[in-house]
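There are two complexes below, and they share subunit A, which is joined by subunit B in the first and by subunit C in the second.
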Partner chain A sequence: MREATIPPPASRHRSVGHWRPLRTGGLLAVAVAFVGWCVFPFYIMITTALKTDPQIFAWPPVWLFHPVLRNMQNAFFVVGGRSALFFLMNSIIVTAVSTILAVLLGSMTAYGLARFHFPGDRNIAFFILSTRFAPPVAFVIPTYVLVERVGLLDTRLALIIVYTAANVSFVTWILRGFFVDIPKEIEEAALVDGYRHIEIFWRVALPLIKPGVITTGILCAVFSWNEFLYAMILTQSRASTLPVYLSQFSGSTTLVWDQYMAVGVIAVLPVLLAAWWLEKHLVRGMTFGAVR
Partner chain B sequence: MQRTALRATLAVLIGPSLLLLTALNVAPFFLGVYMSLYYWSLANLGPPRFLGLLNYEYLFADYRFIDSIKVSLLFVVLSVATELVLGTTLAFVFSSRARGMASLRRISLLPVMVMPLVAGLVWFYLFNPTYGTVTWLCYAVGLGRIPFLTKDWLALLCLVIADVWQWTPLVMVVVFAALQSIPEYCYEAGKMDGLSQRQMLWRITLPLIRPAIVVIMILRAIDSFRNIELVYMMTRGGSGTETLPWYIYSTAFIDGNLGSAAAMAVVMVLFVTVLTQFLVGRLRYRQA
Partner chain C sequence: MPAIEFLSVTKRYPDGTVAVSSLDLAIEPAEYVCLLGPSGCGKSSTLRMLAGLEEVSEGELRLDGRAINGLPAQRRDMAMVFENYALYPHLNVFDNIAMPLVARGRAASEICTRVARVAEALQISDLLKRYPAQLSGGQRQRVGVGRAIVRRPSTFLLDEPFGHLEAYLRLQLRAEFRRLHERLGTTTLHITHDHEEAAAVSDRIAVIEQGRLQQFGTFLELLDNPVNRFVAEFIGSPPINLLPAQLTGSENGPCVKVGPAKVPLPMARTAGLSQAVASEQLTFGVRPEDVYFDTQDTSETLFGDVVAIEPQGDFSLITVDITVGTIRAMMSSTTILRRGQRVGLRFDVSRAHLFAADGHSLLVPPVRPAGKAR
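Then we have the complex of A and B:
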């Protein structure tokens, strides 16, 4: 009899014989359970936003019900008073402008640090990065005083400037990595053709790292969109963004769950789309390029 | 000539960002230190009064301040440790090549970038004592109606759970990426040396994913240390959940004592700076 010694495939998760399907099944079960845990709060949020008040306050919870869209309408299209629509508009404006500015300034800085070597360049890069980790609650106190003295309290401009500064460090650090990856020869060729450095940055280097610029921009937008503390302290009414609307719920005596959950759904929706789309780039972005 | 042109280019590229960061990071930092030496009221009643180091002296006699640091450290240690253990384990689970794993992994990432305030809102509802879904689930399995958010220790645990919900997927996907980047030949070499599965795990896999785990650990520690949204939405500092950020916030903007809050902020910045230095030392600065 011939001895059949077929080596098992080189797999990290090699297991013996008939145990394998059982083990895969177990792993799948764990994964499904984890996904269920991750998704459950979303399910509760969305269903609460579609429930009527008696259903929201029911004990035991109501699992089957006719969804109503009234909460959304109440939150966003109230007659009189300030609707969430107003906050939504502020959020969109502040997020869009601060993201564009941060990507613009940050990519310039990143290019400068990637392509030119000068004494202290490393220290400047690390200084820029470390500003990203400044605890907002510590910096919001002096920033509040500064913004008040300059007379920018309760303006969108104040939030735009603060968010741009917060995101510039992130963009600089991430995009510097992308610029370093570009072969130098391409830019040297452009230099020989008589382009100036600024032109090379704008017309050659930046287009080459477009995918990186877009994903970095989306991460910046998510940050600006979600930011709460500065928004709450630096605005009172005219420039308040969605998180400020949601924060009104805290400490209020009447719990208007329906409307706040409806606004919560709208506040989370664009970010979920971004997370879904960014999946592959999330790791590099969220670890500042340390893990890819 | 060439040299001055280069310098001008560099100034145009880097100057604006440095100016912005100086105005919004360096200046506030020094203003914060300056404010911490004064009695500085939010209500703007007359000019701030110089106190010297009195704010700091009061701070270290203030049991609420000392407690808030303890609560914060406990919150950070509990949530980050749970996230690391769960996330790393799940990274191994998700690197199984079973069908459907990739889609499951993608869905599980959804909590990561959710507005923290909304996460707080939803978990506040889930833990509500009279109609919260989690409260009901615990009741249904016979644990009784647990007053999650008003009981000492339990309230802090609820904040930890909300933080773990939001960030475990990130830890998982970072460790997952690190696992994927281990080249197959490492395992082949290990096999040739006759290592058992367990030895492969301890001598090859874990040492190779350690740098990624350390980076995400420090990042998470910095991030959860400064989290204020969950406390803001779920407990407002009650039931033993007064973290340092919440205490600073309430001292400054509820009690209106900006000077004292600024002194606490200086202490907090020192804490974070130490953590940041650990992190920054581990990030690669690649040269072109």
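Then we have the complex of A and C:
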């Protein structure tokens, strides 16, 4: 039965040519549907942030309206005594510092593990990976106790340390592969040219895997930016990040949709802009290993 | 005092492989030496130990009389050219060449003038802004050479520098390397598996096989007086003819029996022959240029059929089938031969070789007449 459905080669060839426009159109339709599916929530979020309260709940939905900036202004300047700007700054500082630290420490660790062989190097590599085996929620209480004891509760430093620790293992494992892929001769050439290992790391190895560094940096930043659990537990107000602030909009009975969405836009925008700016590195980084 | 000395240097890898086995080699200042051998013979390990990229397992390595076993690579003041160029892909040609100067903290103005001068000498001035990925193989290797000569190192290490290049580029770069050496006078160690390349560039050649130094001398010394069968086979083009032989005696002294022919050996060359080898299966070696056609039928003439004629220009390479093997002979192209023709062959025994069963050479080295190149 099944064999009977396969047309002979000659006619199949002709039929491909005949169906090509239809196939392309079909693929396009699927792609458009998929992109629409992904983008629609963003569209709703952005438009809701720019609507008035009655417009938000109108049925059928209001597609054409005069955007109002009141919600955005509220988000930035009033709401509950502290503006979103304050939490945005917390998020930016915590994310930037923890990402830079994680990439710095992780890349050095990765280089060491990739290039030098010493007793126990495999065990160390495995230990670094093993820190990610358990779900983060398992460590929330011990971490809270530790942070409380050293007096860092509700500080950005506490979040920076926790996020850096979480990301270092990830950075190490990803970048180790990149470093291993660098032809050994290039680094040997640098040695003969008169460079020490630490100089080779900075001047040769790290620049060579720049796409990989940027890709892992973006992933770390996204993690730190979105992290909610630890930020919720370790901060109360002074060091809270945007995800924590966002959660406060959902009261027990109501949701302040317009302001909620306005802050949501503020939370998403920096990541979107950063991804857009670094897009070419992101794509190159993902294919780096395959096509060297 | 030699510029570079290997004193019983051995390289043993962690898996137990012995790449270099108690190597003794002394390279004079400003000498251009080739390490010649088949791939995997340990010549690369030798070079890498000298560069400081591999540790010496046993023995001592000396630079200008000073032991350098423990000296890190970056402090040995050597420059290396790699087979696969090993350029820095993220830097343009200018920065690639400038890297050794940057490492030494030279002033920017000095770096600029020196890189410019080197680029001009290597004819890559118009490529300084390009990246390695945008260059051809020959251009890349020029950049690699530029990076090596931009400072005045104590030693040049060349690891199969022409390995990935096309034939005509090799010929061109060979001559350039030799010219560069004449100009700079830097001690140079060059690795290759191509004996013609070694002959073209070097002052002396060290033939290495299975981690052991077989012979160290000029190309002509190796050609005329190979210490063993390996060196005889490895050096010379077209390759030497090797035929099974036995030692016999005659009223005129010792003879070599090759197939049905009895070839008398000149007395001057038989001094080292002992009766011990009389019973052994020996190998008679004669280079194609020392084979002659002979119309007379004497006891020392070998007969065979011409099976192939390869014109090479002034001479042709003739392959003759004899009962105990094949012989290649170099003939003037004016000699008219046809395939299938039966010919008689004789050898110039004053330049032939005889090897024992273990491969070592048995005859006293021939004397090369002054003025005769080949």
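Quick note on the criterion: the second predicted complex is superposed on the first by the 242 of 292 C-alpha atoms of A that agree within 3 Å, B and C clash if a C-alpha of one lies under 4 Å from a C-alpha of the other, contacts with A are read in each partner's own complex, and residues count from 1 in each chain.
One rule holds for everything that comes next: contacts are C-beta pairs under 8 Å (C-beta built on N, C-alpha and C of every residue); 3 or more make two chains touch, one makes a residue touch a chain.
Predicted model only: the values in this text are computed from it and were never measured.
After alignment on the shared subunit A, the placement of subunit B and subunit C results in a side-by-side fit free of clashes.
In the superposition on chain A, A:Asp193 makes contact with subunit C only, while subunit B stays out of contact range. When the two structures are aligned on the shared chain, A:Phe34 is found in touch with subunit B, with no touch to subunit C. Taking subunit A as the reference chain, the count of touched residues is higher for B when subunit B and subunit C are set side by side. When the shared chain is aligned, subunit C comes close enough to touch A:Glu185, but subunit B does not. In the superposition on chain A, A:Met108 makes contact with subunit B only, not with subunit C. With the two structures brought together on chain A, the opening angle seen from the C-alpha centre of subunit A toward subunit B and subunit C is 100°, to the nearest 10.
Of the two partner chains placed by the overlay, neither subunit B nor subunit C lies in contact with A:Trp277.
Judged by the touch definition given at the top, the superposed model places A:Pro207 against subunit C, while subunit B stays out of reach. The overlay of the two complexes leaves subunit B and subunit C separated by a minimum Cα distance of 7 Å. In the superposition on chain A, the residues of subunit A contacting both subunit B and subunit C are 196. Residues 6, 9-10, 12-14, 16-18, 20-21, 23-25, 27-29, 31-32, 35, 90, 93-98, 100-101, 104-119, 121-123, 125-126, 130-131, 133, 136, 140, 165, 169-170, 173-174, 177-178, 181, 184, 187-188, 191, 197, 205, 211-212, 215-216, 219, 222, 225-226, 228-229, 232-233, 236, 245, 248-249, 252-253, 258, 261-262, 265-266, 268-269, 272-273, 275-276, 279-280, 282-288 of subunit B are the ones that touch subunit A when the two sit in their complex.
By the touch criterion stated above, subunit A contacts subunit C in their complex at residues 183, 185-186, 188-196, 199, 204, 207-208, 210.
Residue ranges of subunit A in contact with subunit B, taken from their complex: 10-14, 24, 27-28, 30-32, 34-35, 37-39, 41-42, 44-45, 48, 56-61, 105-106, 108-109, 111-116, 118, 122, 124-131, 133-139, 141-146, 161-162, 164-166, 168-169, 172, 177, 179-180, 184, 196-198, 201, 222, 225-226, 228-229, 233, 242-243, 246-247, 249-251, 257, 260-261, 264, 267-268, 271-272, 274-276, 279, 282-283, 286-292. Residues 51-53, 72-76, 78-80, 82, 84, 86-90, 99-100, 103-104, 147, 157 of subunit C are the ones touching subunit A in the complex.
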